[in-house]
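I've put the structures underneath this note.
Next, two complexes with chain A in common: one pairs it with chain B, the other with chain C.
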Partner chain A sequence: MRLIISLLSMTCLALPAIAQDTLTGDEIVAQMNARDDGNYVTRGFSIELTDRSGKTRTEKTIAYRRYFGDEKRTIIFYTEPTRVRGTGFLTYDYADPAIDDDQWLYLPALRKVRRISASDRGDYFLGTDFTYEEIKKEQKIESEDYRFEAKGAEIIDGRELLIVEGTPLSDDISDELGLSHVVWRIDPEIWMSRKTDYYDQNGNHARTAILEGVETIDGYLTTTQIFVENHKTGHSSRITFLNTDYTTEVPESLFSQPRLRRGL
Partner chain B sequence: MIRYRRSTLLQHLGSPLFRAFLAVVVLPPGKAFSQDIEYRGTLSSRVAVETRDGNMQLGEVKFEPELAGTLTPNISFRILGRLRGDTQDQIEPGDPGAQSAARSDWNRRAFIVDNLDAELREAYADIYAGDWFFRLGKQQVVWGQADGLRVLDQVNPLSFREFTLGNFEDRRIPLWMANLERSFRSVTVQFLWIPDHTYNEVPSTGTFRPTSPLLVPSPPTDFSGPIQAVQGNRPNRLITDDDYGIRLTGFSHGWDWSLNGLYSYSDAPVISQQLADDGTLFIAPRYERSLLIGGSASNAFGKFTLRAELGYATNRYVLINDPTDEDGVAKSSELSSVIGLDYQVNADTLFSSQLFLSVLPDNPNGAIRDQATGTLTLLARRELRNDTIRVEGLLIQDLNQGDGVLQVSANYELTSSVTLSAGVDVFYGTTNGIYGQFDQTDRITLGFEYGF
Partner chain C sequence: MESIPKKQGVVDRMLSLRWLVIIAATLIIGATAFSLPTLTKDTSADAFIDPESPALIYKERVEKVFGLTDPIVVAVINKGGNGVFDTDNLALVESLTSKIEELKQVDPDRVVSLATENNIVGTPDGLIVEGFLDKKTEHFKGARGSTERASEIREAISEFPLYQGSLVGREGTATLIIAEILDEDDAQATYDAVVDIASQAVVPEGTEIHIAGEGAVAGYLSTYIDKDASRLNPLAGVIITIVLLLAFLSLRAAILPNVVVAATVLGSFGLMAASGTSFYVITNGLVVNLIGISVADSIHILSAYYSILRDDPDIDKKAAVKLAVSKMWRPVTLTSLTTIAGFLALSASSTMPPIQAFGLFGALGVALAWMYSLTLLPALLTIWPTKRIPLPFKSGLTRASFSERLMTSIGRTVLGAPKVVVGLSVVILTVAVFGAMQVVVDEDRIENFRPTEPVYMADKAINSTTDGIYNLDILVETQSAGGLYDPETLQRIEALQDYIETLPSVGGTTSIVDYVKQLHRSVNDGDAAFYTIPDNADLIAQLFFLYGASADPTDFEEEIDSDHRQALVRAQIKEGRYTNNKLLVPALEKYVKDVFNNETVKATVTGRVTVSYYWIQGIDQSTLFSILLSFVAVTLTAMLVFRSAISGLLAALPVGLAILLVYAVMGFTGIPLGVSTSMFAAIAIGLSIDFAIHALDRLREIGRTKGLDADALIDLYPETGRALFFNFVAVAGGFGVLMTSEVPPLVKFGGLVAVAVSVAFLASVTLLPALVTLFKPRALLAPKPKEKPNAFNHKPT
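Here is the complex of A and B:
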């Protein structure tokens, strides 16, 4: 399956610009979602949180992700600052979007793994300006959430980017995501959105996400830095991915409550 | 008044544990000093002022250094110390008191002066060996799904220095133990061997000295003779008096579950009375074996999370009000449970409720507590401004006595390293109640914490 996805990605990378202009919104999103992100990965996150006044806080984590068939499991351990060190977050993300994720949180102050309800996908992830959905999808898009429309191309920083607008397919989805529509500007060289604008349910411009760094690591196209600004609050978040490693196998046993409790 | 042996600094200066603690404390602050060993810690302070008369109840400064690292890919370690001073010395005034009775010889705080104590809080090694995991050393083990209400969370004893106030991590007394775990597919088995005979630490003097007749025996109303507290017998035999635990945990069909068994001495001593031939009433604490069996379960349903615990314990002792009774206590088993429901409004707002029930199936005659007792907790928590501000309100209500405590707090994360906090703790209800007994100790707290 992964070989097919890789071949599909390579085929699309080879498409001439003229052919890309004729792609529909659904086809462009399909290319984004076909990007192979490896069976497992280990990486560090450095999360820089800046408020309206310019005051910055930094948090660091180590994260592991592994596919179990179509199910994706992620475990994140906070390492900095000392106040949150040891906090852990485990997610089982099921392939069927109708099934809620299973999530657990380990808080060192309680010394206890707590089952937590799956947050609304549009809720902000642990104090950042990224939503749970964006963290989970890793630069991909849940195609069953939106009606996509290709809106031509735009030149940004010398790159021709394909514009796709997504509108939630139902009011329920709009409520869950907290969005009225999204505009992605997708680089066909990498099939990632370099600039994304999110609009709240009232149609106001809520946030802008900028892809600031992409590299090929161990043969996989990998986001190395991404920035998002919340236009309502003036708060912004920048995640820098460090020491990304697709080659060292992540053991299945890591994605368990005992490991969440024991820590790194 | 019960008198205990005083623990002095001299007793601890020569102990290897205290030397290990000092080694942690005197290390220069900084980050990793080798690739796999890190030195970090927190410096915090709290001030508490009583609302009744404006007196300062607590002026605490706490330094908690931590050394952690990896020795090999399969072996890591953690050492956590605590140096704590209190300018007011009202929580544990003068002689530190209870600890020598409650704590084993190798799990004691070293009192440098009356209001300054040092403690090796945790010191353990984590070892992965094939499918086995070992955590060996002084540690905390938490069982169950409930917050603050203990049905299955009975492995570590508690300090009641500030009664139920303060955070659980500080209140729980770490124990020296061997903790072994092995996973079989989705089921993990945990074995505990606890040779550390340390029990609940209850102050015999100070602000939070218990006085409720539900907790402290009262002499017969017509008794006018001398009362003498004596040192009770503490379990001290290796293996024979050690505690043992086993827990199975798993995740099946969306449910987290556990089955638990703990063969231990109850952390709360049985306070018995005995009238001597010369008319003296002796009061002595003793520790009794108990077998706790039970289980827990939790699951999430949309925005709701359900948590439940059930436990059955043998050999619980309750105080009785019967002048003809020989020792003033009666034995019963105890069936207890907690059911909790959390409602996560969104990522920033949580409402949580818990109902705790305890029943004495043997219904001992003359028991001072009711055969069935209940406690309700309600928690509301809201995080603001990208989680830099947390506001929380917690109500604990005793359903039998009608007393309780309301705790409201706010934390502000000033920088990545500095957190400021403020809070109010309000006890209410009858002075005979478990919470109402501290009705005169309501307080406002202010604090800060610096982490490095």
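Here is the complex of A and C:
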């Protein structure tokens, strides 16, 4: 199935640019979701958190991700700051959105693995201003969540970006995501949104996410830096992805509780 | 009298240029009133505090670091069987919360209620962090909106000490929705919007919604006082106009002083706006004050004018005006100078910006009133088309005038038994000293409202069902980022909280330590034995991290700063009274200094309660000084203007009595010395001195021409006495109007100033002449080329 998607995406990328103007919202989103992100990947996250008074705190992690069929498993180990070094998160993310993710946490000072409650997809990811949904989807969009509408194009930094607005298909989804609508500005060169605006359930402009860095690594189009600002709290987060490696195989055995306990 | 011819020359020239005077005055009124529309209002409590005060600086710093502002607190209270833990009340909390979050004046992420907060609970294999009213939950089995969920929430709160008393009352009869206002200037609009939301809510039977909190009080107070002042200030003008009409039975005597009043008030507030000074809560009192002061000058000048017309009905109008001004410029100037001295002393001795402004613009207003009374008023009198002599001043009829008869009979009684008058005064003085000693210093902001006001009832209801609505904060600072991971530091904070909870009226305390303990328990299968501070700094850091990872990035912002160096300990207090704060703040500061602080960690006591404490403490310490300073300033000015120490002291006597009696009334009736009451004495000084000076100036005039025997002194009463009587009725009436106010401090203000003015008036027409006729001070007699050795008791023939 992944092969089919890959092939499909190549076909799409080969399409002539003139067709873009006539693409519907659904077609644009399909292009985005067609991107191949590799069966497994190893990378470092450098997380920069800035509070409203401008004070910045940095956390560093090493993260591994691997697909098990449709299921996506992720394990993250903190390396900095020193006091939380070895703290780990293990997540099993099931393809069926109806089934809650499983999450475990390891606190080295406690020497215990603890299962933690599944987060809402709209909850903030590990104290950042990104939501779990945004981190998990890696610049893709859950097509079953929204009604998409293409809203023309906009030129930002000399690039012509396609505007797509998404509205949650139901109140439940809106609750789960904590959103009333989203506006993506998609670069058809890479089929990723360069600038995304999120509106909370009251319709207030809640956050703006900016794609700050994209590179092709090991043949895969890869995000290297993302930034998000929360307009309501003045808090912002920047994640820089370091040493992304699609070639070294990530062993299946890594995604287990004993491995979480053993740490890095 | 030697200066009168010279002065007459000046008055002459002024009156010959009367059109120029009128045009110039109009221009000055226009220029000074020009900025009036830009006058801004500041009803915040912080306005009363010196912006440089350390307590305020710390409070602002805490607001910045922890993002805390003065909130609006909405309480849902139900004293029935299940308290607030039933489906209807929880639904109400949820709908109120979401509607309040939608308000544009409110920070939606800083609204705290059962609908926004997370429950933290340990399970055998892990930890659950989820909202109490979330739809999808793991720990809570009952569906949202079910009775089962309501009971589960009650159970969860009972296992979560942090929320007990703060989010939900300890009895379970109340729960709070706390909303922070983005901009304190929007307090009014926010309060109104929240009231609107509450009034549209579907309220279950037996449930009450109350709205309170500093944000609400500030908002409420501004409309409350505004509404009141916009009713009272014109009413004061009406009362004074009626008094003028009664005194003079003349249209011009009712209209012209109002022109002076309007010019004075417009000018003073116009200049206030131009100088960028805000209109504070107490500034409302200044309006009436200026009306009373500016009308007094006019009353004395008009009285003199009509007396001159009566004595010489054929006199030319302009000549009469000239004579009246020449006669009155001296006492009017003297009273203005002494009142200015009183106001300036008030301004100089206060540390509170609103009172400084009150004193300063009061002094300015008096100066403007003086200027207009001696220029504009005479100029307008000369161009007034008629020269009709009003009824009270018609010859033949004059002696029948009630006020004259009244004053003359008072005069006969007083001068017939001066020793009795002095004796009675001594008795009153003694009783007053005793009463004044009973005065206590106290202030409670909520007492600015009548007990029937919703915000007053809300305050009382919330304080009786929760840990309290007043916040006392302690800022804890460590040396470096992550300093709060140190178990020893957290134990210090825990001990500090234990200590605070032993202090009076403290409902409860919260800090990051409570979260750490709850998390520690939760990661240990919810075992209550782990509701402790871990003794491992790494574990503490990881617990912080864990919570941060499970919640919003700003969830902890109210308890700890982002690099975990500073923490806020917040105590909830049930009482806002100064007498209670006085027991809390110094004790806590002593504990912090002697027990808490060490080389690695330092605490500072701050928060609204501390700021209020220091604010009122300033009143506690400075009031006596302020009164003495005003009194001395007024006395010295009187000595200077009379060029006699004895005259100055005599002038000060009615003033001293007036102040003492104001304090005696406060002492006997239990009115505490607070923010507004602390100014009364100083204002009373400024108003009271006028009576003494007018009386004394006239007594001196009589003394110099006729001597100081009782027969001679009776001359004081028909004209000056009468003018003083109407001066008294106008001022007392003007201030008395304030007693019909709906704002309790204004009621007290009006009442007490009326007391002061009455005492000053009565003392000036009784005690003062009695003393003068008994002791016959030389200063009031005509200077003699040769003094006899026993001059003091010498009776001139």
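Going forward, the second predicted complex is superposed on the first by the 264 of 264 C-alpha atoms of A that agree within 3 Å, B and C clash if a C-alpha of one lies under 4 Å from a C-alpha of the other, contacts with A are read in each partner's own complex, and residues count from 1 in each chain.
Heads up, the rule we're going with is that contacts are C-beta pairs under 8 Å (C-beta built on N, C-alpha and C of every residue); 3 or more make two chains touch, one makes a residue touch a chain.
Small disclaimer: the values here were computed from a predicted structure and weren't measured.
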First, second, both or neither for A:204, with chain B first and chain C second: second
Which of chain B and chain C A:120 touches, first, second, both or neither: both
First, second, both or neither for A:58, with chain B first and chain C second: first
Which superposed partner A:105 touches (first chain B, second chain C, both, neither): second
Touched partner set for A:134, first chain B, second chain C, both or neither: neither
A:87 touches, of chain B and chain C: first, second, both or neither? second
Which superposed partner A:232 touches (first chain B, second chain C, both, neither): second
First (chain B), second (chain C), both or neither touched by A:175: second
Partner chain in contact with A:256 - chain B first, chain C second, else both or neither: first
Residues of chain A at both interfaces, chain B in one complex, chain C in the other: 49, 51, 55, 57, 81, 83, 104, 108-110, 112, 115-120, 123-124, 126-129, 233, 235
Touching residues on chain A, where the partner in the complex is chain B: 49, 51, 55, 57-59, 80-83, 85, 100, 102-104, 108-112, 115-120, 123-129, 132, 233, 235, 253, 256-258, 262
Of all residues in chain A, those that touch chain C in their complex: 49, 51-53, 55, 57, 78, 81, 83-84, 87, 89, 104-105, 107-110, 112, 114-120, 123-124, 126-129, 172, 175-176, 200, 202, 204, 230, 232-233, 235, 237
Touching residues on chain B, where the partner in the complex is chain A: 40-42, 126, 133, 135, 140-142, 144-145, 147, 167-169, 172, 181, 183, 188, 249, 251, 254, 256, 298-305, 307, 342, 344, 346-348, 383, 385-388, 413, 415-417, 419, 449, 451-452
In the complex, chain C residues that touch chain A: 64-65, 67, 101-102, 107-109, 123, 125-130, 134-136, 138-139, 482, 485, 523, 534, 536-539, 541-543, 545-546, 548-554, 557, 561-563
